[in-house]
Structure formats: structure tokens, C-alpha cells
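First chain A sits with chain B, and in the next complex the same chain sits with chain C.
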Partner chain A sequence: MSLKIRTKFGSIKIERRLTYPRHISILTTVLAILLSFAAVAVILTLMGINAFEAFAVMARAFIVPRLLFESVKQSIPICLSALGIAIAFKMNFWNIGAEGQIYMGMIAATGVVLLHVYYGAFNEYLLLPLMTISSFLLGGVWCLITSFLKSKLNVNEILTTLMLNYVAILIVDYLIHGPWRDPKGYGFPLSIAFPNYAKFIFVLDSPAYTGLLISILAAAAVFFVMKYTKIGFEINVVGHSLNVAKYAGINVSRVIMLGSFLSGGLAGIGGLSIVSGIIGRLRPRASPGYGYTAIIVAALAGLNPWLIVVASLFFGGLLTAGESLQASMNVPKAATQMIQAIIFLFILMGEFFKRYQIIFERGGNGS
Partner chain B sequence: MMEWIESVLHTTVQMGTVYLLASLGEIYAERSGILNLGLEGIMIMGAALSFIFTIAYGYFAAILMSIIVGVLMSLILAVMAVHMRLNQVVTGLALTMLGLGLSGFIAFPEIRKRILLALNPALPQEALMTQEAPKLPEISLPVLSNIPLIGESFFSHNVLVYFSYIAAPIMWYILFKTRFGLSLRSVGEDPATADSLGVNVYLVRYSATMVSGGFAGLAGAYLFIGFHPFWQEGLTAGKGFIALALVILSTWNPLRAILGAYLFGGVETIQFRLQLFGFGAQSPYFLAMLPYLITILTLIMISFENVRKRIGVPASLGIPYSREQD
Partner chain C sequence: MEDLVVLRGIVKRFPGVVANDHVDFTLKRGEVHALLGENGAGKTTLMNVLYGLYKPNEGEIYVKNKRVHLKSPKDAIELGIGMVYQNFRLIESHTVLENIILGAKDLEFKIDFERHEEKIKRLAEVYGWKIDPRMKVWQLSAGEKQQVELLKILYRGADILILDEPTSVLTPQETRRLFKALRRMASEGKGIIFITHKLNEVMEVSDRVTVMRRGKVIITKNTAETSPVELANYMVGRPVILKIEKAESKPGAEIAKLIDLEALSDKGVLALRKVNLTIRKGEIVGIAGVSGNGQVELAEVMIGLRKATKGKVMIDGVDVTNKNVKEIIELGVAYIPPESTRWGIVKDLRIADNLFLKAYRYPPYSNKLLLNWKKIFEETEKLVKEFEIMTSSIFAKARSLSGGNLQRLILARELSGLIGGGAPKLIIAAYPTKGLDVGATEFVHKTLLRYRELGSGILFISEDLDEILMLSDRIAVMLEGRITGVLSREEANVEKIGLLMSKAVAQAR
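== the complex of A and B ==
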């Protein structure tokens, strides 16, 4: 059945597509981005701001080397969390808790560093691997709580992941105002600065290069897992149809728990990349919402790991562009937040056009 | 001691009203099967617009505009979730992000100045630059406000608080005692059956979503001009999500939402009081976690089938409806 609207000049039919053609998804994505920039240009012009000048300032985030490095740095936590979100969304597990999982990752990484600095635990060379493992584990466990509740008790994961975001942020607040505060920090809510060997700067001494390498490796890993392993196959089946998965003898709750663990773990490493790549210490509200931006990135990239790397570079650039916009033109950086949100809305609407086609038929009174 | 309790209760009601207003509308949306995750974004837009319009034209315009913007934003959600049948979770999040970005944009000093001048060219210079707006006046109700303890705490507030006292029972009555309420609940329970009985599923879902938007916008206006009229970017700070949590805690019942709202409001008040006393420097963070943890516990409780049945959790929450089979 299809919806049909008859008019005097012909009829408009909305029909479900049987296949999702590739050129349509590319077209809708490009259109979404163009339309959102157009929408923001209109808003800026209405406010008496020269939109072209503003876009020129923003473009520098992708051209000027210093700013480009910043953009790449910003893209890393976004990319890692978006990869995790992609795994979860693939199995229709609506994990919107990447933000909280990022914070748990930061806690784990900082905890390891503090154990090392305060109590002399662990060898210097063991530090980075241990930080990576522990942030993956803690981020993963934070997500696992929700998938456990989902698969054992059928508790809605959307709300639990969302609620746990705030709990994680508050745990960081507590730690950093309390036991983890730098004793020599003049009472500022900051942890001690990480020693250099606890930072992700092993490629060319640059957090941007190192981070980019990690992003690409993570994307490759996700691509491999989803395409060539049993669990990846099972995740795809569960996402495609729960009934098929059950008939095929797949242990659905095991798949959801394992998949969500991977999902949260990746976001946890995203948290590690913040404390140990971008900031170099733990502070409250260290993530300006990377975990939420990552949801847009995953949607924009159509859950494809390689495209996620590209899309997160674009969004990292937008964050940097926002800063320069505010600094050099006195245009609020919220303008880039608007661009993000409008892109998101248009992409979602694009989903509709991917799924349905609108057919215009000419003819007298509609046939 | 008496005065201390009075002032704690007074602040509790003030805080709780933010959550109560926002969740009253959200209860309608969710009862009709639409999860409006845009609450946070709508609230902050309501706050930003009430800020600008209070300065430009006064309270009435501010409250009106915040409701209008709430309805319009939720209309976007309704179109996308009802007609386009898109995922409500991500659509709502997109709306929240839009609200956070747009509010930060229009309330930014330079931009706000231009908007204010366009709205009312006669405004004096200091009105263009201020981060503050005048607060809604508190009105002590005659007779009622003289009742010891309760009077001061519950009956000397601004008009939006009194509105919430009246709105909650009315919303309860409409939802559970009228034909419209019955259609609304049936749409959220089983849209196909409701449709076959002649209920216009789309119309009900549209109106319920717009009610939720209007109330969320109003909650934003209250948060700003009625509670703390000092603009900060991102001033809702997750209050919209707490309201969402409250809807669950109240098990989709407007009357229980009153209790829940004051519970959350009370927790927040005590948290600030403890900070003032320097009482256990760490405790505020754990107290602040309570609303979220209580919500998760509630979610676990209502996951049991017999509890769900007794409470009447909307069974089709978050599921798009269309007559065609897909």
C-alpha cells in the first residue's frame, strides 16, 4: 500500500522503496550538509553578519596547519565513540551513553596514572598499554550495565544510557574536587599533569598524528570485526531481525552484551584520548559533548567505520572553527553547534527519502 | 528551625516546579507513544526566549513566546516521528542539540543586542547589555499564605507555580476521565486497535507532542524568569533529562508527578544547603546522582510484567505507526 495525494494536475505518490540505492544516500548526505550551511547562512545574514566571511573563517580550521592539528585532535574522541556507537546501532541497541562511557574511560586512565605517580606502581613502559586496557574495560562495563538490564530485564537502554551519562560526569566531579585533586594545584579542581610517557604522542611527538593513527586503526579493527568475525556477523543478524537471529540459534542477549561492551569500550578509549592526548590531565567537564557529537557522526557516516573517520574529522574541524569564529569575528561558537544540529536533522529527514520515493504523476484528475 | 524548614520547602517547590511543568507535558507525549527527547533543547530555548522577550516586552510576551517556540519545536519532532516515521530517539536528540546551539546563539551578547534592538528600538543601553532579567514577582495568596509552615512554603510563589498546582490535577483529569484522554492512552497502548475504533492516531500524537513542547517551553521560561533570571549558556544543565526521568518515576501519572517533582526538587535544595554549610564537601555530587539512580531503579521495577500491567506503561512508546504493514 502507498499513500497517494491527488491534485488537479496529477497525483503525488509516496511509496516504499524496495532497495536503498547508493546514489540516493550519497545525494541525501551531501544535500543535508549543503542545506544546513544554507540555513545557517540565512540565520547569520538575518543577524547582520556576513555569512561568507564567517564561512571563510571556519574554513581555516581545515587549512591553516595549526588549526588543522587542533581539528584532528578534536576528532579523535568523536571518532572512537562514533565507532562504538556504530556497533551498538548496528544491532539496534540505542546507546546514547557514549558521553558517560568517555568519562569512565577518563577515570580509568587517570586512575592508572595516579597509581603510578603516587605509589610507584607499574613500569613506565607498561603505563600506556595499561591505561588503554583499563579505559576500554571501564567504558565497556559502563555500557554493559545497560545492556545487561536490557537483555535480562528488558529495561529500555535509551534512558539508562542517558541517565548514566550524568552519573559518570558527577563521579568525575567528585573525584576531581575530592581525592584526585592535585595537592599542589592551589585548590583548582584539576588532577596532576600526566607525565610525558603517559601521553599519546609516540608518533612524531604529536597528539594529532598519534590520534589519527589510533582512529584509523580503530576503524580498521571495527571494520574487520564487523565483516570477518562471528560476533560481527551475529551483531548484523540481530540488528537485521531479532526473529531471524533467534531461529538461527544465536544467543541474542550474549550478542547484545558483548556488542555493547565493545561499544562502550571504544568510547572509553575516546576518554583516554582526551585526558592523555588533548588535555594531559583530568578536569571536570573535560568533554564538551563529544559523545553526543559522535551520534551525529555515526548517523552521517551511515555507520560505516571508514566514513566515520572522515566525518569525525569534519566535525572536529567544526568545533575548532567555532572557537576561531568566536575569537576573530565575535560570532558565538554556538553557530557551529547549530550547523551540527541542523545537519543532523536533515540527515534524519534524508533517511525518509532513502526509504520512500515520491512519484509525481501527470494527468487530469489523478489516476 | 521552623524558618529553616520553611525556606527549604519554599526552595523545594521552586525547584520542583521546573520539573513538574516539563514532565506534565511529556507525560502526554509518552502516553500517546511519542518519546520527546527534545525536552532539554526546548526548555533552554524557552529560557533564552523568555530572557530576550522579558527585556523587550515584559513577562507576558516572554511566557507566550516560550510556549510558542516549544510548540513549534515539538512540531518538528511530530512531523519527523509521526509522518516520516523516523527514529524518535535520535530525532529528539537532534532537537536538543538544535535548542542548545540556537539558544547559545541568540543569547550571545552581540547577537542578543541586535535582536533586542530589532524588537524594541527604544530600549536603553543597559537593557541591551545585561545578563539579568527582572524576576517574576511572588504573590502571597491571601488567607492560604497565613497557614503556618505550609503557607510560606507553598502559597507565596509566582504565578507560574500556582499554574502548575492547577495544571497537574487538570491534566490528570483530562488524561484519565475524558474521552480525549482515553483516545490518547489507547493510541499509546495499541495504535492499530485505536485506529480501527475510529481514533485519529496521527492527530492525537501530533497534539500530545505539541502539548509536551508547550509545557517544556513554559518550564524553560519558569526556570529563567521565575527562578534564576541570570543567563548562562547551557543553563538548563540536564534539567530536561531529569524531567524525562521524572515522567518514569511518576509512572506517567500527572498527580504522582507532583510528588516526584518535589522529591527531586528537595534533593537539589538539600544539596545546595549542604554546600552552604560546608557539610561534607563530597556529598553534593552523590546527592546529585540520586535522581538518575532513582530513575534507573524505577525503570528496573517497571520492567516486571505484572508491575507494568498494574501501572499501565504505554506499550507502544517509541514505535511509529502506519496503516501499511512493514
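== the complex of A and C ==
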């Protein structure tokens, strides 16, 4: 718990904090972000890029309306997946398979669209709700496979959730290169474009974006489930102590399976928000790793659903800012990703200082 | 007599607490000095300071009239200080001989095992111990392992011995043997510090006693000039009653019956062997025995946490063998688990959450889907008052409660009839007072007796014979997964229980 480093001049002690005061937590996050910008500035300067200009370009992702909408769009899949991850992490079920669940959600949503377009199934007003439900179900089932294996055969979910990501990505590849390829698409691996009523919209050019609405509703739902329902209570107890949960007579495997279904389902809707909200069709590699970014977002937000909404907006903005940097300042893509990574890293380091304090003691070894 | 150890003004702070607050302590040559105090009083911290494990923030340490600065236990060992911990630090797969000479001073390059064996045998004989240095440590009983620990220290030539709660793993007979050996060591001019929280042991073996409370020394006295009652008052800081009034037992119908019960331990070996036992309404059946002889496994099988491999568990006429925990809870079985922080409490959840760990799923506290927090909070307020749980708020984390208050919380959850109302039919209490202070222990005892009056059948597991004898109406003794005997309260005494607890009986069978 505590580490002591002795030096000639005194000792440095690292100790776990007994309490985590709110002002320290806010201060460290702000400080971490500022420091990360300083580090980014140094690197940009070394690359011969004017750091201030670059920051000005990046800031536009949060200010200029057109870019802000883009940032919001990018944040939706991150937010929904992170909400799902939060449920799983609350019960110590380490679901790192949001990426795969996102892909399954995209498959379900696209499937519904194709049924409608080719076979005339479903009323067009019913289409989006149906897409939402089906992407939730398929994403949920994708995660349920892993929790089922865990509770019946004690298979480690970290491995299965991760491995199923690749399976899901390859299924999309197969569908898009095969049966679901647009016959009029000149052979490109793309599905047909979604009809407008199967897409998310910006209402009156404001960020009252269908996706944002879904995100906020989802955050509210997660908040409600965790706080006011029996299953939420059970998820909490299981997460804090498996031993105590068993002792209390809680059916642990049922809780883990139900929780993981909800978790995967939310990521599945995240997949819907990509095909319906960002691209407007299905294509291979449609997610640039939203499901992984979501893990960081969930952790940073301390699994709090409202903070997840805020944190995903920030990370969505960073993605947009990266694209702007590439376009207007010729910063290579790899460099923009590095910038994002540096910011992640500093924030994660900040987490350390929220939990531990460093005490300097003067005086040498004597006394 | 010469002072072997003098501690002056020792202060040791940990984040948030002062574990030792200006402590003075003296150990004389040729005495057994008891260090008495409740859990958390700072006894072990003080001894870790003397043993070089902790560096004090303030204060001076003198050993044999010389000021010393201990940097590590190595320094302490060189000064002739030896420590026997509660949990032994021996290599199980090595022989007694190997364990003892490991770390011995001035070991020759080519070890002359026979010479050492002779010396060890002679040393053991001095204290009346029959120990074969060629035996592997895992073959020994707890008492014998302790003798090996002591031999290890004595073999190094230590003359300042610290024993941390040495009797907690011993049968009464083994305890007596240990005390004899300690007296003998003292007569040879060694100094012995004996850490304990048991008053009768202080009276029996020590020359002087120092009482600690909340990090401070309250008093140091000659044992002959004090009494258990006086010591208890110093220890707790208020007058305490050592005996409690117990009404005549009026056992009713059978509530639980175990028939040829067998089960495996976590390691997959047989932990229960053909256990037969009956518990009736309104009686307390005590399970005595050194812990680790199948007591916890027995409790877990009864509550559905562990599978029975053979035999039957009947509760209130229903066969509940290998039913799940929830079904058994619903039959009216309460369980006070051992190591409550691991099994019975979620420290990072609120008091209200912890109180409703089991009852949350039943009306009126929830419907099919939603929890009724208003009802839960109301009931929590009531129970916190009724069971005298000291807390600033029912929304405080369980972490903020002291050990005694945590146990009250568990009692409140298990006994107050949140599920189904009324007193539980069967209460299984596994080590419910372990680690608690005198006040909290008293509360647990009184509560269990109260529920006995209300007609609950109670299975009471403890390794403290005094409380077993004080509370039980019948006493079963467990050894290596077997019940070696069941005694009525009238025929039971420490001597008889001790015999049933010891290996000799098991081997005779």
C-alpha cells in the first residue's frame, strides 16, 4: 500500500489516500489535460509544426458548429459502448468486446434495412425502432455467449470477449464482400445506402441529434437500472464481492448473464449509431476502434453514466480534431493518433494521483 | 532484576491513526510479562517496533541497557530478540531440524546434522517437549509447530521472547504445557512478553501485566496484585460483567438434523466425515475445537454454500441437502459467517445496502422489478437503533464502522426477521465474537441468548472454550472433520473437551 524511497536529503513516501476529496479529483484531471497539451506542444514543435496554430485547429472541433456536430456524431458510439462497459465493469465482468458487439449491432441494423428495401418488410416509421431493438438483441447475445461460457465452464471473459471481436469483424467482411454487397455498387465492398428514414438526423441543424437523444436516454436508463432496480442492486453486490453475493443467496450466474446481455446490447446500439448516424450504410472496418476508446471513457468517468456522456463528447471531439489536423495542417494520421494517445496517458496518470499522495519528508536517514 | 528491554515514549503513527501513543514498557530478566489489550489496542504494533519491523516516529529503545536503533528484524535477532507469530513461519515440507538450523548463528560450512540433532533434542527435553527433529513440519500438530518455533528462537540463543497470542491455536492441555515451558524459560533468566486478550491466561502465567487501550499504556501491575475484573475494566475503560445470566434451557422440537454428513474442503479433501448432530428449538449447541477442523465447512454445507458429498441435512423436517442458499434462507435459517468482512459485509456499500443484502428481494422492500428504497431506509433507521449500531448516517459506507458495529449490522440483518418476520428457526453462528472487543462480544452473547429464549435453535461455533461453556446447552467437539463427542452442559468441562479436541482420542478410535 505504501512505498518509501529514501534519498540523501530526505524520503519520499507514496501513500494511498484515505479519502478522495472532490476538488483534488477535479484539479488533477484539469492539470493532466493541461500538461498533456504541453507535452503535445513540445512534440509538435519538434516536428516543425506551430503548436498554437494546431491547438487552434483542434479547438474548432468543439466550437465551429459543423465540426461540433461531427464531434457529437463521433461520440455516440463511444458513449453507448461505454455505458454498456460500465454495467459489465460494475460486476467485475471484464467485457473488452464492445468492438465486436458494435459490429454485431451494425449487422442487425443493416439486416433490418435490407429486409425492408428488398422485401418491403416493415413500415418505414417502424424501421428505426426495429433497427434499435434488433441491434440491441444481437449485440447482447454476442456478449451473452461469453458470460454463458464463464458461468458454465469458468472460461475467462477477457479472452473470449476480445477474440469474438475479430469474429464479428470478419462476419461483416464476409457479408459485405458476399451476399450484402450492393449489386449496383460497381463491385465496391459496400452495402446499399440506407434510406433517409433509416438514418439519424440533426433536428433544425442543432445538436439535438437523434444519437445524442439515444445516448442521454441510455445514460438515464443505466442510471435508473443501477440505482432503483433489483438487478442493479445485484450487479453492485456481485461486483463488490462474489463471496458475499453467494452468501446472500444471489444467483450469481443469472446476474452476470443478464448484466452482460445489457452490456453487449448497449454496444450493439452503438453499432446502429455508426451505420445510421455516421456512414449511412455498412462497410468493412466501419468502426475505427470506438469499442476500445469506450473502455478508456468508461474507466475515466468512474463508470458514472452521466460523466460517460461528457467524457465521450470530449473524446469524440478529439477524433474530429485529429481529422481537422490532417486536413488543414498536413499532420500525418499517425501523429494525430499519437496526440490522442498522449492525452489519454496523461489523464490515466492523473488517476494515480487521485488515489495516492506523495509525502516529502526532510532530513536524511538518521534520527 | 536487570532490565532486558526498556521502551520509552514510543510513538508510531499510521495514516489516520496513532497506533502507539507515547508508550513506556519494561521487560525484566526472568519474568513473564503479559501485554493485555483488545484488538487494535496497539500491542502487536509495539512488538513490531521492538522486533525492528516498524521504525517508531518517536521514542527510544534500550536493550540490555544500551540504546539501539533497529533497522530490521535482523538487528533485533542479533540482540537476542525472538518472535513467535500467531501464524507460524515454518517451511512445512522441511524437517524440524532443517527449520530450526535455518537462520541459526555460526552454522558450519558442512552442516553436522547429527550434532545439531543431539543439541536440539537436549534443548527440547529441558522444556519437557518430546519432538523428533527428523519429522517433517507438516506432520506436526499446531502445538508441536509452536514448540518448533520456540526451539528455533532458543537455539539461536535468544533471551527476549515475544509470543503473539500463542494460545489461540492450542487445546487446553497444550496451553498448559506451553505455560509450564514459559515458566521454565523465565526461571533460566529469559524475559518473555506474552501478548493476549484473555484474562485468565494473564492470571495463570504472568508475573507482571501491562494493559493497553487505544494505543496507550493504561497501567503496569504485578499480576498477584490484580484481578480479572480489574484488568477487564482497564482494558475496556468501563466496568464490565464477565459472567452473564442465563435462563434454564427449554429445548423444544428438533429443528435441524445432520445425518452421516460428508463434504470436501476447498482443497478437495474430505473435510466432514460422517457428521451426525441434532439441534433443537431453544437450545444452543456449541461446536468446540481448534479451528480448521471442519467447522466452517459444516456451517457452509448447512446453509447451502458447499455441496454435501454424502449424507443429509434436514431443517425443520425438510430435506435441504444441496439446495441453494436462497431456498435455505427462505426456510428461516440465519447465518453469521466467519471473517465477516470477507463473507458477510460489502465494505464499500452503504449500511442500508448491507442490511438488505438478503431481504431486498422480498416484499415490501421490492416488487418484481424495483426496490422500495423508502421502505428500506425506514426499516434501516429502525434497526440501526434497535441493534445499537453506532453510525453518523445509514448512508455511510460499511467501511466506516468498527468491527463490533459491523457484527451488530450482521446480527441485525440475520436475526431481526426482515425475511418472513419473527425469530429465525435456526441460527448458525460461526466464530461470531472473533476479533471483537469485550463490549461487542457481550452484545453478541446477549443477543444469541435472547434468540434462544425466542425459540431459535442455535449452532454456535467458537474456538474460545470459555464462551462455549458459558453459552452452550450441549457441546459437540470437532476434530479432523469428525464429531469426537457430544457432552451435555452438566458433564462438560475444559478437561473433557480438551481431551476430545486432541489427537490422542482420534488415534484411539
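In the analysis below, the second predicted complex is superposed on the first by the 342 of 367 C-alpha atoms of A that agree within 3 Å, B and C clash if a C-alpha of one lies under 4 Å from a C-alpha of the other, contacts with A are read in each partner's own complex, and residues count from 1 in each chain.
One rule holds in what follows: contacts are C-beta pairs under 8 Å (C-beta built on N, C-alpha and C of every residue); 3 or more make two chains touch, one makes a residue touch a chain.
Since the model is a prediction, treat every value here as computed from it, not as a measurement.
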| item | value |
| --- | --- |
| Touching partner for A:Ala248 - first (chain B), second (chain C), both, neither | second |
| Chain B versus chain C as contact partner of A:His240, first or second or both or neither | second |
| Partner chain(s) touched by A:Gln340 [first = chain B, second = chain C, both, neither] | first |
| Contacts of A:Thr229 with chain B and chain C, given as first, second, both or neither | second |
| When both partners are placed on the shared chain, which of chain B and chain C touches more of chain A | B |
| First, second, both or neither for A:Glu15, with chain B first and chain C second | second |
| Residues of chain A contacting chain B in one complex and chain C in the other | 2, 16 |
| List of chain A residues in touch with chain C within their complex | 2, 15-16, 18, 228-230, 233, 236-237, 240-241, 243-244, 246-251 |
| Touching residues on chain C, where the partner in the complex is chain A | 15-16, 303-305, 324-326, 328-329, 335, 337, 342-349, 353, 357-358, 360-361, 366, 369-371, 373 |
| Footprint of chain A on chain B - complex, ascending | 35, 37, 76, 80, 84-87, 89-91, 93-95, 97-98, 100-105, 108, 110-111, 114-115, 233, 238, 241, 244-245, 248, 281-282, 285-286, 288-289, 292-293, 295-296, 299-300, 303-304, 318, 323-326 |
| Sites on chain A touched by chain B in the complex | 1-2, 16, 43, 47-48, 94, 96, 149, 153-156, 158-160, 162-164, 166-167, 170-171, 173-174, 177-178, 292, 295-296, 299, 330-342, 344-345, 348-349, 351-352 |
